[in-house]
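Paired with chain B in one complex and with chain C in the other, chain A is shared by the two complexes that follow.
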Partner chain A sequence: MFAYNLKLAFKSLNDRPSLTILMVAAIAVGLGLFMTMLTLSHQAGKIPMPHISKQIHLVQLDNREVTADEAENFNQMVDLTYQDTQNLLKLPSAGVEQTLAWNTNGILNVEEQEIQPQRSSVVATNQAFFTMFEVPFLYGEGWDSDADQFSQAVIVLSKKSNDYLFGGINSVGKQVRLNTHVLTVIGVLDDWFLARKFYDRSYYQAWPDQAFIPSNFAFDSDLPRNARFDCWSTTTNPGKFRTNYLTELKTSECAWITFWAKLPNHNLEDYKTQLGQYIDSQKRLGRFPRENQYFLTNINDQLEVISNMIGREQMLGVISYMFFAVCLINAVSILLAKFMRRTKEVSLRRALGAKKRTILQQHLIEVVFIGIIGGLFGILFSYIGLQAMLRVSLYASDYVRTAADLMPYHQMDWEMIMMAFTVSVSCTLLVGLYPIWRICNVSPASQLKAQ
Partner chain B sequence: MEIKPIFLSIKHNKAIAMLVIIQVAITLTVLSGSLLMTTSTLKEWNLPSGIPHNNIISAVPEFYDLEVDVRQSLVDDLARIEAITEVINVSPVTQRPFDAQGIQTIYLEASAEAQEYETNIFTGDANLPEVLQLSLIEGRFFREDEIVVGQRDELPAMPPIVMISEAMAKVLFPDNNALGQTIWLEKGAAPAEIIGIYSNFMNGENLNYFGQSYRTILQPLVTWQNRADPSYLIRVEDGMADGLLETIRNQLYKVDGRYVNRVEVLTRTQKRMYDGRGSHAIMLLVISSVLLLITAFGMAGLVSFLVTQRQKQIGTRRALGAKKWDVVRYFMLENGVLTTIGIVIGLVLSIAFAFVLTEDSGVNILDMSYIFATAFFIILVNQLAVYLPAKKAANVAPAIVTRSA
Partner chain C sequence: MLKMENVSKIYRTNLIETHALRKVDLHIGAGEFVSVTGPSGSGKTTFLNLAGLLETFEEGDFYLDGQNVKGLNDNQLSELRNEKIGFIFQSFNLLQELPLFDNVDVPLRYRGFNAKERKDRIENALEIVGLSSRMQHLPTQLSGGQQQRVAIARAIAGQPKFLLADEPTGNLDSLMAQQVMELLEKINQQGTTIIMVTHDDQLARRAHRNIQIFDGQVSDLAQDQTDVLIKSE
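Take a look at the complex of A and B:
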């Protein structure tokens, strides 16, 4: 019976091919847009370094004035002042790694005249950065604590910068200039994919940095500090600290450096106690006028706060859901039209003794089949849709970002493909409910009278 | 009249009637929502530039070696660029059209509570109006000897004269002639006299966003302050711009300690100014048109089903003397009634949706005329989707009834 029903279902699909095509098209197009938006948000919601993301904490201390506003979450809180980063780095704590990071920029150039200089965004940090964040190296390695302490002129290049400046060879030991400062290459990164660039709190997708240098070296060379300076209201024009007044900045109450601690679970409480003690000790020096408050936020919790603030994609998301709904309603109409044309045939079969269940089975097969085909084409459409979104991003960035950098954010994974089939089949079943119910309730022989 | 039979038939086919109504309502909501978003994104989009941007090259070099003698390299750069045969004119500037950074404020009085007027100040030498091909509306252009040259912090005095654009003049002096008046470019600084009014050109994204695209001021000033100053605007012979980019880049690289960041035709700068908004709007438009297509096809499919179901009814009517047009009109009227109900529900949903979008984006995008236009368009498409199958149905021969009975 099943084989016979299968045959009937295929025959029916072939019967009025234009209606079948229309129905598959409606589901596939709707699903295509739906899956495009779902994949984008699925990829955007991914967490960088998921295996250690819960251990990596952003450290923020509330050194603001008494009059400052209460902060509800880390995003409303200031980062660290220079002196606090230096003090925290000295905390005696076994098993806890700490790093600091701030952004600067400069022109990377080499002696060879034929290689033109390249404007680069550079991260100033310390040696722990590379071990804490498990940064992959192609050649060489990160610098050691001596390099931090004596602000040695060393640099870690990204793979792309190394390709551009040195043609991709092992450049460890070679010299590169950042503006006019000569630095020695100590390591070259391998491809380092981060779902979001968390370490400078930009949470950008696909804007990798080109080089990493010791923070102390960056201070000594007075490189520009691309940061937001949260200063006490008595500080005039904090923007001046970008390129000037370094000595004043170092002793000021201006918060601007992001600070990270890797805390395996058993260390969390100890670290909290230490932070509390540190704030108390600073209070005795007349700092930290507010109640003891600090934020320790791991990467997962940060992304939760951040993902609530992204607007434009969400609007497109809402539109894509409604779009899918229209396509499904359309599919109901078409399916109804398709099935009701068969009233006569069904009533004949019923009159000849076919059970309701048999009729149900035949039409279910047909609907599931449409669902699978719709799912296949829907995946194809969402692939095209994702490619289109990637082109749009490239165009909108004036081709500054590269397709290779953007690719991971515009890719379907197996999870999404399975999701597409599940959504497609379950939605077509939902769509088929009413038409199938109608056709199954055709009474035997009712349509035969007229003949 | 057919209204009564139509209602009877709708009552008979409740499910299909509901489907049509829901579909129309949601389509109207989605379509008008994305249309409102599109129009609000495209506001002030791709306005005339006022300059021959296809023939102007903007070059932005950057010194990474702070020891370089900027004044000398400025002279060298200008000499090298002017030596290129296809170059008509060049001017050292600090801002470029389509790319003006930030918003500057100017004042009509020296007092502390003077009203602020927003604008973008462009600096350049006497060649600048010629490079941009601005036409003089009143007064005169700068003379060579009026140009102040020097590092920003070491300037002896700011130039005592400025020129302003036509649009700026209208804002500052709506009733009087702007020529000869004085304005303050900074609070507490010396005033500057307006010596000329020139034709409008596009400033940049910031003011464009507020609908103030043509507010500009020209200052006879060649100055440098940060590593990226000065940059150059170069007008070249018609059609030669693209071929000259590499040449100009190489000429600029003849000064050591410098990185040549961006050498591009202003057309590209213009594209960059608009591309975020443009791509977003195009995306919405593509989605909307696909949606409309799907709805139209669905409607056509549905009607052709209704029609085949009622072949006998049509045949009877035809046999009883109804004209073909009567049959077509019946279907169109039936669809019209359903669509109208859908539209009414859709209107309510659309307004609610527009409110949500407005709350999200902070920009009021609600504009009833777009919603009504969308509604009208949906009715039109639906009626067309009905007309075609109905016309086919009307061709049913009157005798078909007798045959099949």
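Take a look at the complex of A and C:
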């Protein structure tokens, strides 16, 4: 009987194919938009390094003036001053890894004449960066603590930079120029997929920066500091610190360096105690005029705050839900009209011995099939929608970010594809229940006398 | 074979109640050919729908082939309908997009016969009605009389004990009506009980027995005549 009902269902779909196409199109377009938004939201909601993300904490100390506004979360709090980063790095925290990161830039160049010098964004950090964040290496490795301590001229290249500068070969031991400084390549990153670029608190979706160098080397070379300087009101024109006044910056109360600590649960309380003690000690020196306040925020909590702030995905998500619902209502109206045209046939089949459940099965197959085809085309439309959103994102970034940067955040994974199928079939089935119920309740005697 | 005792059928709306059949007492024996006549709106089709288990009734008992159908659920009624009853309609009610073979196949599919048995039965039924050479034709390629013969083939393919015919010649000219009537008589002679609703007195007289329905009440002429004979004796 199933085979017979399958045959009848396919025959019904072929009958008046324009109606079938219209139903499939309504579902596919609605699903396409819905899945586009859901994919963006899904990708945006991914957490980098999910297995350790709750251990990686952003460290912030409140050294602001007394009159500053209360901070409710990390996003309203300033980062760390230079002197605090140096002091925290010296804390006797057994087993706790700490790193700092700030952005600079320069022209990366190699000796070969045919390679065009490349303006690059560079992260100044310390050796713990690579181990804390489990950065994958294609060649070589991160530098050691000596390189930090003695300000060695070493550099870690991203895979993309290594491809550009060295054609993708193992460049460890080779030399590159950063502006006028000669540095030795000590490692090359492999592809490092970050759902959110958290380490510089930009949180946007992109690949890592093009190179990494020791922070002390960057200071000694007086490389530009691409940061926002949150200074006490006594400091005028903090923008001057971007390229000048390094000595003054190092002793100022300007917060600008992002600082991270990897704190497994058993270390968290101990670390908090040490932060409290540190603030107390600094108070005795006349710093930290406010209450003893610090923020330790892990990556998950940071992203939760950021997601609530962005809100764009949520708004588009609501619109796409509504649009999908409208499309489904359209589809079900067509389905109802199509089924109701068939009451005479169903009445006849019931008179000839078809049970209600047989009629139910026949129409369920038809609805599920419409759901599957709608799902297939919906995935196709989702792909088109995501490509369109990729172009929008490129435009919105003034083409600073590349398609390759954004592609991972604009593509459906298998999980999303399976979800598209499930959503399509289950929603079509759900809204198809009413037409099916109507057709199954056609009385066997109701239409037989009709001419 | 078919026995109704005090069967009543009432159609209800919010405003009115319509007594379509009132306390019908009727017995139709195996192999009979019974015609049902009466004016329009008298309840003939309702009677046929009840007899064909297409509708339920409120009062009384109805025995079909010895089984009381009162209280049977929808599935049981469908099975009984499929197994015991063949339907012939005035407007043929063929599925226009299906070839004759597939039209005749419909009740056999719901009966659960295997492919070979279905094929044998379909070929046999179409042979009986004289359309075995046109199995793959569509109904639209046939005349009205031929379409009604296909409907008869569909009705007899499952070898039911009853054939219920609702104005089977109503849409046919006299020559075709004659052919269809002869076919029904032939089927009846092979043992199938036939109940035929008709407006045509001439055709009604060709049945073994005539039942008249007027205003929802059944007047069984054969039974009345028997009663008169008993009284005169």
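Throughout what follows, the second predicted complex is superposed on the first by the 430 of 451 C-alpha atoms of A that agree within 3 Å, B and C clash if a C-alpha of one lies under 4 Å from a C-alpha of the other, contacts with A are read in each partner's own complex, and residues count from 1 in each chain.
Just so we're on the same page, a contact is a pair of C-beta atoms (placed from the backbone, for glycine too) under 8 Å apart; a residue touches a chain by one contact, two chains touch by 3 or more.
It should be emphasised that the depicted structure is a prediction, and the values quoted were computed from it without experimental measurement.
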Original post:
Is A:Asp15 contacted by the first partner chain B, the second partner chain C, both or neither?
Top reply: second
**OP:** Could you let me know whether more residues of chain A are touched by chain B or by chain C?
**Re:** B
**OP:** Figure out whether A:Ala101 sits in contact with chain B (first) or chain C (second), or with both, or with neither.
**Re:** neither
**OP:** Using the touch definition from the top, say if A:Ile329 reaches chain B (first), chain C (second), both or neither.
**Re:** first
**OP:** Based on the superposed arrangement, let me know which partner A:Val110 touches: chain B (first), chain C (second), both, or neither?
**Re:** neither
Original post:
Which partner does A:Leu33 reach: the first (chain B), the second (chain C), both, or neither?
Top reply: first
Subject >> First (chain B), second (chain C), both or neither touched by A:Cys254 >> reply: neither
**OP:** Based on the superposed arrangement, let me know which partner A:Val185 touches: chain B (first), chain C (second), both, or neither?
**Re:** neither
Subject >> Overlap of the chain B and chain C footprints on chain A, listed as residue numbers >> reply: 450-451
Original post:
chain A touches which residues of chain C in the complex?
Top reply: 45, 49, 52, 54-55, 74-75, 78-79, 81-83, 87, 89-91, 93, 95, 97, 106-107, 109-112, 154, 166
Subject >> For the chain A and chain C complex, residues of the former touching the latter >> reply: 1, 4, 11, 15, 344-345, 348-358, 443-445, 448-451
Original post:
Given the complex with chain B, which residues does chain A contribute to the contact?
Top reply: 19, 22, 25-26, 29-30, 33, 106-107, 109, 116-119, 179-180, 311-312, 314-316, 319-320, 322-323, 325-327, 329-334, 336-338, 340-341, 388-389, 392, 395-396, 398, 434, 438, 450-451
Subject >> Sites on chain B touched by chain A in the complex >> reply: 15-16, 19-20, 22-23, 26-27, 29-30, 33-34, 37, 62, 64-67, 253, 257-261, 268, 271-272, 275-276, 279-280, 282-284, 287, 290-291, 294-295, 297-298, 301-302, 304-305, 308-309, 357, 360-361, 404-405
